[in-house]
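Just below sit the structures, each encoded as C-alpha cells.
In what follows, chain A forms one complex with chain B and a second complex with chain C.
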Partner chain A sequence: MTAPAQPTTTARHRPPAWKRLSGSEHFAGWAFVAPAVVLIAVFMLIPIVWSLLLSLQANDLLAPGHYIGLANYKALAKDSQFRSAIGHTIVYTVLFVPVSIVGALALAVALDRKIRGIRFYRLAVFIPLVTSTVATGILFLWLLDPTFGLVNYILHELGLPQQQFLQDPNQALYCIVAMTVWGWLGFDVIIYLAALQGIPEDLLEASQMDGASRWSTFRSVVLPLLGPATLFLVVWSTINALQLFDEIYVTTRGGPLGSTTVIVYYLYQQAFQFFNAGYGAAIAYVLFIAVLIVTLIQLWIGRRRVYYTS
Partner chain B sequence: MKRLFLLIAASALIVAGCGGSSGGSSSAGASPHGHVNITLWHGYTDVEATAIKKLTQEFNATHPNITVTPQFYGNSDYALQKVLAAIAGGKPPDISYLYGSWAANIATNPTTVDLTKYVQSPSWDWNDFWQAARNVATVNGKIIGVPALIDNLALVYNKRLFQQAGISPPTANWTWSDFENAALKLTNPAKKQFGWAYVNDAGEDTVWRFWAMLWQAGGSILSPDGKQAAFDSPAGVKALTLLQTLAKHNSIYLDNGSDNYPGVFTSGHIGMLWTGPWDLSQINTGQQPYGVQILPGDLNHQTISGPDNWVVFNNGSARVNAAVEFLKWFTSPKIDLKWAMMTGDLPIRQSATKQAGYQAYVKKYPGIGVWVQNLNNATQSRPVTTTYPKISTVVGQAVQSVLLGKAEPQQALSNAAKQVDGILSAPS
Partner chain C sequence: MTSTSAATAERLVTLDAPPARPRRRWPFSPWHLVLAPIALIMLIPLIWMLILSLETSSEAQSFPLVVLPSGLHFHNYVATWNSEPFGNFFLNSALYSLATVAGNLVFCSLAAYAFARLKFFGRDVLFILLLATLMVPYQVLLIPMFLIVKHLGMVDSVGGLILPNLCSAFGIFMLRQFFRTLPIELEEAARIDGTSRLGILFKIVLPLSLPALATLAIIQFMWSWNDFLWPLIIIDTASHAPLQLGLSTLQNAHRSHVNLVMAGTVMSQIPMLALFLIAQRWFIRSIAFTGIK
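And then the complex of A and B:
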C-alpha cells in the first residue's frame, strides 16, 4: 500500500491483482479472521453505532422515528425514577461484588485440598452457575414465599418472626443480592481455585521454613499472588452487577414498589413496555459510559496494587 | 443485559430498514393461476395448536383458491417484536395474533391494514362480536383487528371452604359487603387459609382487577375526553379501601406475579378468586369442588375483559383479500363455536349462545357458561391509547402501595392521578 504507484507500462509484467493479493500473507491472515470480523461487525459494532443513533431519536420502533438531538439525555438528567434506579444499582453492586468475592475466596481455599469427594464438593459449588436463571428465580420465589416458603417455615420453627422477603420493598433488593451471590459464586470459585493451584509450592515451603504461621503465609504469600485473579473478578463482577437484569426479570419485575428497579430493568421498561426505544438507548449509553469509567478506575488502581509474578 | 442491548440495537436496524421497504406492487401475492398463499402467525400450544391446524385445513379444503399456513411464533408475549422485524424485512405475516394492549401501537404502523371497510359489510355482522372485543379492535374509529379471543373476570369459589365457614354460596346479587364478610370469614392464618387472592406484581394483572372494582363503584379510568385521570374519585377510594381492609386482615393471598394462585386455590388454601376461563383447566382438577359466579357488585356488577386481535398486514391486495376472507370464515358463528368447543375459549360472538351446539359446550366445560353470560357485564374497556402501558404502571404502583400498607387509598390515588395527568399532557 505504501509503495509508490507503478508506471502503467510495467503493470503488464506483474501478476494480476488477485494473484498478488491471494499470495500475500496479509490476505491469508485476513481470510482467517474474516468470519469472526464479519460476525462481530454485524452483531456488535453496527448495533452499537445504531443504538447511539437511536438514542438521539424519538422512536417507538413501530413507526419511523425522528431526530431530537440530546433531548433523551436531557430528560434522563431530570428523571427521578432513573435516579432511584441508579441508587438501587449502586447498592446492589456495592454488596454483590465484595460478598461474592470474599465468599468465593473462602470457599476456594476450603476446596483447595486433597480430601475424599473433593470433586463432588467442587461440582456442588459450580452447579448453581450452570443452572438457568429462570430455574434459579422460580426456586428462590418458592423458598422465599412468605406463606408457603421453606425459609419462613424454618424461621417459624426457630421461633423467629416471619418475613415478607421479595414482597417487602425494604428486603427485596437484599434477597436479590443473596440469590445472585448464590448463583454466581461458582464462577469466582473456579477462578480462585485455578489461581491457588498456580501458586508455586516452593514459595509456600520457603515461607514455612522461615517460620511463618498458616495465617501469615496466607496473608503475605497467597493473597498477593491471587492479586491478578482478584482484579479480574472485581472488574468482571462489577460489570455484571451494573448490568443486572435477568434475575430481576424472573423474580420481582422491579418491584415491590420499584424497590428492585435497577438501571437495565428500567431500560427494558422504557424500551419494551412503554415503547420509548430512543430513551432506552440513551439509558444504555449512559450505562456504557459509567461501566467504562468504573472499569478504567479499577484497572488503574489494579496496576498500582496488583503484583504480577511474571 | 447483552441480549437486551442487542435486541434494542437490532430493533433500531429494523426501524431504519422500515423507510425503504414499504410499498410493493398491489397485485403481488397471487400466482398466475389466481391461487393465493397466506401465512397466519400464532402462539398457540396444546389444544389450541391442534385446533388451529384442523380448522385451517378445513378452510383450505373448502376454499381451493386460498391456502392458509399457520406458523407458530413462540410465546405471544414477544409477538410484537417478531412481527415488527418481519415488517422491516419486507415479509410480514398476512395475519398475526396480537395482544389487544398493542392495538394502539400497531395501528401507527403503515403496514397494518385498516379493516373498517371490510368488516362493516352486513355479511360480517360486526356488532355480533362482544362489545369489549369490538372496543379493543378499534383505534380512533378505525378497525385494525378482528377479535381473536375474549375473556373476563368472574368469581370462582371453593364450595367446601364456604360450607366449612358456614357461608351460603355467592349469588348474582352479592354486594361488596357480602364479599368482604365472606372473605374475612374464610380467613384462617393458622391454617394458611385466605379469603381471596390478588396478583401483587404491580403489573397489568394488578391493575385490571382494580379497574373492574372502580367501574362497579361507578368510577371511570379517564375523563370523557381522555385528557385527564378520573380514577381519583370516591369510587376509586372505595375500591382501594376494600382492598386495604382485606389486606390488613391478611385475607388476601398476595401472588407475586408468577401465577401461583390457581395452585394455592386447588390445594384448598384460598376461598375465592377473581379469574378468567384461562385458569379453568388448572382449577377443574377435581381436588376442590368449585363454583363460578359473576363478580360481586357495588352500583353494578361490571367485569373487565382483555380481548386480543387478529391483525392483517399488507402484502398486496390479493393476499389482504384472502386474509380477510379467512378471518371472516374463521370468526363466523359456526366456526367460532367449533373453536370454543375444541379449546374451551369463550365464543367471541354473542349469537353463539343461541346456537344448537352451545349446550354441549357449556356441559363440556363446567362453569364456562357463567363467563359467557358475564360478557354482558363487560361493557367498558381500558383506554386504547399508546400511553396506556405507562398509565398502567403508575396505577399498579398505587394499588400495590395500598396492598402492602405503605399508603392510604386517597393518598395513593391522588399521587397516581397527578402522574397520569403528566403522562397524558406530555407531547407524544
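And then the complex of A and C:
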C-alpha cells in the first residue's frame, strides 16, 4: 500500500480556496456548532422573540393574530384572578424555599456520618426525587383524601379532628407545599451532603482543638463554608417554585375556589384551555421578568454575603 | 507568664469541671432515633401506594382503612395494563427519553468542543446568546414552540415531543466547561499526527469526558422521563402519550378505583426506580455535579 500523497502547503503551492476554507478553524467551528445552533435557534431563540410579539397580539392559536399593542399587559394589570395567582405563587415560594432548604440542611447534617444503615436512610431520602411529579401528585391526592386517606385515618386514631386538606381552600396550598417538599428534599440533601463532604477534616479538628463547642463550630465554620451551596439552592428552588405546575394540575387543577391557581397554571388555562395565546404570552413574559429580577437580587445579596474559598 | 498558666489551668479545670460522669454507652448510635422516623415518613407514601395497588377496590376504599390486604391482588396490574394502552405509554416514554439523551450527547458534544477549543467567527457572541437562553423560563417558549411544532405538522406525535428537546443550552455549557479542564497537549499531539478534529473529539476528548457525559445523560433522561407539561400540550391521542401523561389520564378515568390507579402508578415508577437503585452512585454524583458547577 502506498501512502497517499501528502498535500504540501508552501507559499508557492497554496491549496485551492475551497480547500483552505473547509480546512480552516472558522469552517470547522461552524460545522461543529451548526446542528446545535439550528435546534436552539428554532426552539429557543425564535420562541423567545415570538413570545414577545405574541404578547402584543390577540391570538387564538388558530387564526393569525393581530397587533393590539400593550393591551394584554394593561388587562393583566387589572386582572384580579392574575393578581391572586401572583399572591398564591408568592405564598408558595416563600414557604417552599426556606422549608425545603432548612429541612435539607438539617437532614444532610444528620446523614453525614458513618453509622450502620446510613445507606438505607440516605436511600429513603433520595427515592422521592426519582418519583415523577405526576406520581407524587397522585400519591398525595390519596394520602390526603378526606374520607379514605391515610393521614385522616391517623388523625382519627389519635383522636384529632378530620381535615379536608386539598379540598379546603384554606389548606390546599399548604398541602401542595408539603407535597413538593417531600418530592424535592432529596435534591437539596444531595447538594448539601456533597458540600459537607468537601469540607476539609482538619478545619473542623482545628476548631474543636480551640475549644469551640459543636454548635459554634457548625455556626462559624461549617455554615459559612456551605454558603455557595445555599446560594445555589436558594436561586434554584426559587426559580422552580415560581414555575410550579405539574403537581397543581394533577391534584387540584387550581381549585378549590381558585385557591391553588399559581401563575403557570393560570398561563396554561389562558393559553391552552381558553385559547388566549397572546394573553398567555404576556403572562409568560411577566413571569420571565419576575424570575430575572428575583434571581439577580438573590445573586447580588449572595455576592456580598457568601464567602467562596479558592 | 503566671497569669497565662493560671488561665490554662482554669480552663482545664472548667473543662473537667463536673467530675467526668461515666458516659452512657448506647447500644446503638442515638442518630437512629432521628433518622429512622424520617426515613419512615419519606417512605410511607410509596409503601402506601404499594399496599393500595394490591388491595381490592372495596378494601382500598373503606373506613377504617385496610392496612393489610386480604391477599395480594396482582390482577389489579393486569386490569390496569389492559384498561389503558400502557405498552404504548412505556414505548413512547422510552423513545422520548432515549432519543433526547442521544441527541443531547451528540449535538452538545459537537458544539461544546467547538466552543471550548476552536476559534471561529462569531463564537463569543453565539456563546453569550446561549448563556442568555439559560435564564429564560420554559413557559416563555411554550406557546411559540407549540405553534412551530404545529407548523411542522408534528402535533400529537412522539416526533413532536422529541424534536424541540434534542439539544440543550445547559448541556453545551456543562460539557464546554468540562472540556476546558482537559489537558490540551494530547489534542495538539494528535493534530500534528494528522488526526481530524472529529477524530480528536471522538478518540481523545470524549473518552476522557465520560463522567460529564454520564451526568448529561442522567439529567436529560430524568427530565424527559418525568416530563409532563410538554406532552400535556401537544399530545391528544392516548396511544401517543408518554407515561406521565398516560398516568394522569388514568387518574382521571378511574377516580373510583384507587387500587387500579396505584397499580398504574407503581408500574410507571418502576423503570426509573430500578435505574436509580442500579446506578445510585452515578445519579447522586450527577446531581451534586450540577449543583456545584
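Keep this in mind: the second predicted complex is superposed on the first by the 288 of 310 C-alpha atoms of A that agree within 3 Å, B and C clash if a C-alpha of one lies under 4 Å from a C-alpha of the other, contacts with A are read in each partner's own complex, and residues count from 1 in each chain.
Basically, contacts are C-beta pairs under 8 Å (C-beta built on N, C-alpha and C of every residue); 3 or more make two chains touch, one makes a residue touch a chain.
These numbers come from a predicted model, not from an experiment.
Partners chain B and chain C clash in the overlay (superposition on chain A).
Of the two partner chains placed around the shared chain by superposition, chain B is the only one that A:L257 touches, whereas chain C remains out of contact. When both complexes are overlaid on chain A, the residue A:P169 reaches chain B alone and has no touch with chain C.
Of the two partner chains, chain C is the only one touched by A:L107; chain B is not. In the superposition on chain A, A:Y285 contacts chain C only, with no contact to chain B. Contacts of A:T131 after superposition: chain C is touched, whereas chain B is not reached.
When the shared chain is aligned, chain C comes close enough to touch A:A229, but chain B does not. Contacts of A:I115 after superposition on the shared chain: chain C is touched, whereas chain B is not. Of the two partner chains placed by superposition, only chain C is touched by A:W182; chain B is not. Judged by the touch definition given at the top, the superposed model places A:Q273 against chain B, while chain C stays out of reach. Residue by residue along chain A, chain B and chain C are tallied for touches, and C comes out ahead.
Only one of the stretches 2-10, 38-46 or 146-154 belonging to chain C overlaps chain B in the superposed arrangement, and that stretch is 146-154. In the three-chain superposition model, chain A touches both chain B and chain C at residues 43, 46-48, 50-51, 54, 61, 138, 141, 147-148, 243, 245, 264, 267-268, 271-272, 277, 280-281, 284. For chain C in complex with chain A, the residues that touch the partner chain are 11, 15, 28-29, 31-32, 34-36, 38-40, 42-46, 48-49, 52, 60-65, 106-108, 110-111, 113-115, 118-121, 123, 126, 129-130, 133, 135-148, 163-167, 169, 172, 197, 222, 225-226, 228-229, 232-233, 243-245, 247-248, 251, 258, 261-262, 265, 268-269, 272-273, 275-276, 280, 283-284, 287-288, 291-292. Against chain C, in their complex, chain A makes its touches with residues 25-30, 32-33, 35-37, 39-40, 42-48, 50-51, 54, 61, 107, 110-111, 113, 115-118, 120-121, 123-136, 138-143, 147-148, 150, 153, 156, 182, 185, 187, 190-191, 193-195, 211, 229, 232-233, 236, 239, 242-243, 245-246, 249-250, 264, 267-268, 271-272, 277, 280-281, 284-285, 287-288, 291-292, 295.
The residues of chain B lying in touch with chain A in their complex are 1-2, 4-16, 18-19, 81, 84, 105-106, 108-110, 192, 200-203, 253-254, 256-258, 260, 264, 269, 386, 389-390, 393, 397, 400-401, 404, 406. Contact residues on chain A toward chain B in their complex (touch as defined above): 43, 46-48, 50-51, 53-54, 59-65, 138, 141, 145-148, 166-169, 243-245, 251-253, 255-258, 264, 267-269, 271-275, 277, 280-281, 284.
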